[in-house]
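Both of the next two complexes hold subunit A, though its partner changes from subunit B to subunit C.
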Partner chain A sequence: MGVLTDRGKATAYGIFSLSVLLTLWICATSLFQWIEPRVLPSPAQVIRQFAWIITEPFSGLRLPGHILFSLERWGWGVLTAGLVGIPVGVFFAWNPWFKTFLNPVFELIHFIPPFAYIPLAVLWFGASTATQAMVVFVAAFPAIVINSQLGVAQVEKIYVDAARVFGASPFRTLCRVVLPAAAPSIYTGLRIAISNGWMALVGAELVVGKVGLGFMIAQGQENASVATIFVGVITIGCLGVLIDTLVQRSERYVLPWRRVAG
Partner chain B sequence: MGQSRTLQVAAGLGAILAWIIIWAWLTRPGGPVPTLYFPAPDDVWAKFVRMWQRPYIGSTLPNHILASLYIVLTGWGLAALVGIPLGIAMAWWKKLKWIVFPTFQLIRPVPPLAWIPLTILWLGIGDSARISVVFIAALVPWLMNSMLAVYSVDRLLLDAAKTLGANDRQILARVVCRTALPTLVAAARMALGNAWSTLVAAEILAATAGLGYVAVNASQLLDTDVLLVAMFMIGILGICMTGLIGLTQNWLAPWSVLGARRD
Partner chain C sequence: MEQSVGKMASGSTNPATEAPAKLELRNISKWFGPVGDGVHAVDDCSIEVKKGEFIVVVGPSGCGKSTLMTVGAGLENPTQGEVLVDGKPAGSPGPTRSVVFQKFALFPSETVEQNIKFGLQMTGVSAAEQEARLVEQLKIMGLELFRKSYPSELSGGMQQRVAIARALVMQPEILLMDEPFGALDAQTRTILQEEVQRLHREKHYTVLFITHSVEEAVYLGDRVVVMTKRPGRIKRVIDLPRDVIWKTGDIELAAEHPEFIEFRREIWGLVREEIVSI
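Presenting the complex of A and B:
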């Protein structure tokens, strides 16, 4: 096997093991029916269910509709977390007293898992977009604050001093020197927040709501339709990967000055 | 140094006190925040004391706590039993990694919670459904960090061991597993964090005891004070557990702690 590089071999092994898995799945379900379709549907059934949910409304909406609702809630949560979290993180690093005062509240959000906020969110907002968005916010907020704070704290003091020597006002120093220097770290925080938020959204939608991908899985459980659950789980996983890849790729355009080997 | 540290602690405590006062002021009788949405601090405290002695939806607070801890520690421990050996083996034998990793990569992007409906259908709403979801949530950090731990072992140490005549098994047991220990402690922490937060959601969805179950029932019964007690307990227990793991690092891998404190 001297022909293949390690990378090639890894791919070959990967394709092999995945096809073994797929064959086992097909054997266990459609071919020999070791497992009842009620417990584990065959790949064909899952694909059929996929096609069905895309073309026929499921609980009032087709698959793209559910996806859009999930994305909307997630978007609101992450957006608010960014709008609040970045300034809070920056000021945490800028002013220690501000941090000391706000820290107890921040630690509450940080240390209580986002899902523990679901019952409270339901109580406050009922079954509205705000409920899920609040859970996404709680999941996304700490990563943004921590990384923004870290980014600002790591800005070399000499940059700030230089700006001051040239007569820049504190506000101007913040906007033109500190923020650009801290941006890569802030971006990392956003990236973590975005994927944390996506995870939390699924949990929130499982508990409350009448649309969305999480709801779709919950409904699959209710109807004892494992195929529907599979469709939901696969969609959630693929969208998660897609979002993360997009964010990762976009970094080059958003932060062109960051020349870290990657 | 010592004095500024005391000042910091004092300021931190002052801030907590300030927030409790703000909280009490906002929720005072006739205050701006109705207690249905956010109860007063003394109500929460009273409920906490009461729940400690009298059962709420079936069990007293300590029993709910034990129920949660039992599930989370079982799932987390099982994940360690699978994740650590598998992770180390995958990093050590390339072929094993090539075979297992693609499947793992396929499952990884799915939020652990998304498995809850499936496990409920397959295993019912008993403990095993929750344990398996916690297991999935904890497995990823265990496995990834065990792999990382092996990769981060200094090449020089391996070569030195080899030169001194150690065989593969000896190197794995005496060099790799030991130098990997600090990373494994970090893995334990991350895995437990994931496990704990997933457990809460699993308990909200399907349970008959546990803190998440208390929280969701309290929300439905509009017992906001009970809900806050449950949330605080979830947070405090999370902090305690990660703190305990941090302490174990002191005696499991004292050299790493020394290294960290050098500056």
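Presenting the complex of A and C:
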């Protein structure tokens, strides 16, 4: 037991459970044909479809092209959500008046599902990048605001007092003391926002647009190609994991003092 | 014996004709929440700290010592009374009154160097001067090797050294210290008490020092202010001899000196009355 670290163990279990899943999949399809290929394609079929979509354009674009379009929309949505959401959250916590004033609006918006905005987005922006980006924004925004606000509200008063004693203006206290102290919580907010945004994006792409991973899945349905759907779904899942891992890893470089805190 | 101590105290009181005190808390009362209904933390406390004096405030925990200090630092406004520096209203907090907090309050996201330079940067000291003062403080507090460390990498004692360095680097006119050694282990505390004693003898800082330790009060103080339980009032002010041999050495040696023992007994008696009375 003592040979592996906790992290090593987690990786081992992860590999194990994925292998079990893959084995079951192979058994159910290629080996014993428990399930018809029309319902569940075999791994070999999916890999062939992968190779095909990577080399041959599918609805005008190869797989990397679809990925880039999805990433672009998602990126814009998350970026704007961060640029707007972090200041809003910070000021919610920093200035009680601001919060009292804007919170009811925020609460209301917060409970409208992101997909309810699709018709509005289409009317505003047509079938453009902005449409899906807006849905991503709506999905990502609340988590960022809430966690930024929490992060700032949780900063102990003694740090603010110390900053005042040593001559810091409120603005410099905010930048140099409060924001770094709130950063871990803001980071958590970003992580949630990033995954919420990613899910909302795929949803939006199913409904609007002519490119992107969500669109690819929708086309799979249209062409009755389960393998295409699988390619899309697996790509979406892997990219999601990849992005989350990158964000998680970046925390130790952006917030170096957290590394030593353990 | 208690009587003779009392006499000594009144004998060394300064005449009222002197220059205004460096820091004066005048008739400070503090309520948290509405007056008459909230928490009455401090009631009509007056303390004068003359230039170069080391005043120690002792009292049972919860009696309003920290409140008195935050008011003195300008971090809280008193409900009544005023805070004066050199006889003038002190106003908002600033680098003339440096503070060492009980829980260190070092900025966790900044290295030792950045923490110590913080106040200098906020007050526009030149980069060269910042560096020079930083190096001096690192040397004084024995922190040279920890310049690039984050607070979370340091022991409690080291963290408090950084906090003291951060306060001293401002070359403050007044140093406010709120139970600075309360969170430290006994050995570290002893060493830092001796260093603060030595610093005060060499540099004649003007200090308002808060503690619940009677021993610390007798060892460090030129004057000890005993507070009552909450709402904190001033129960007694006791002048201690300044230039006595036992204050120049180790605290263990000082604690064996008959004079020290007598002061400790007297002050402990006063504090004890407040703790046991209901």
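FYI, the second predicted complex is superposed on the first by the 222 of 262 C-alpha atoms of A that agree within 3 Å, B and C clash if a C-alpha of one lies under 4 Å from a C-alpha of the other, contacts with A are read in each partner's own complex, and residues count from 1 in each chain.
As a working rule, contacts are C-beta pairs under 8 Å (C-beta built on N, C-alpha and C of every residue); 3 or more make two chains touch, one makes a residue touch a chain.
Just so it is clear, the model here is predicted, and its values are computed rather than measured.
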Determine, under the contact definition given at the top, whether A:F166 touches first (subunit B), second (subunit C), both, or neither. second
Should A:L206 be classified as contacting the first partner (subunit B), the second (subunit C), both, or neither? first
With both complexes superposed on chain A, which partner does A:Y253 reach: first (subunit B), second (subunit C), both or neither? neither
Once the two complexes are aligned on chain A, which partner has more residues of subunit A within touching range, subunit B or subunit C? B
Once the shared chain is lined up, is A:I158 touching subunit B (first), subunit C (second), both, or neither of them? second
Just to be sure I read the superposition right, which of the two partners does A:V226 touch: subunit B = first, subunit C = second, or both, or neither? first
Touching A:P180, do we find subunit B (first), subunit C (second), both, or neither? second
Subunit B-facing residues of subunit A, complex: 6, 9-10, 12-18, 21, 39, 97, 100-105, 108, 111-120, 122-124, 198-199, 202-203, 206-207, 214, 217-218, 220-221, 224, 226, 229, 232-233, 236-238, 240-241, 244
Subunit A partner, complex, touching residues on subunit C are 70, 73, 75, 92-95, 97-99, 101, 103, 105-110, 118-119, 122-123, 150, 152-153, 166, 170
Could you list, by residue number, the parts of subunit A that touch subunit C in their complex? 158-159, 161-169, 172, 176-177, 180-181, 183, 255-257, 260-262
The residues of subunit B that touch subunit A in their complex are 8, 11-12, 14-16, 18-19, 37, 94-95, 97-103, 106, 109-118, 120-122, 196-198, 200-201, 204-205, 211-212, 215-216, 218-220, 222, 224, 227, 230-232, 234-235, 238-239
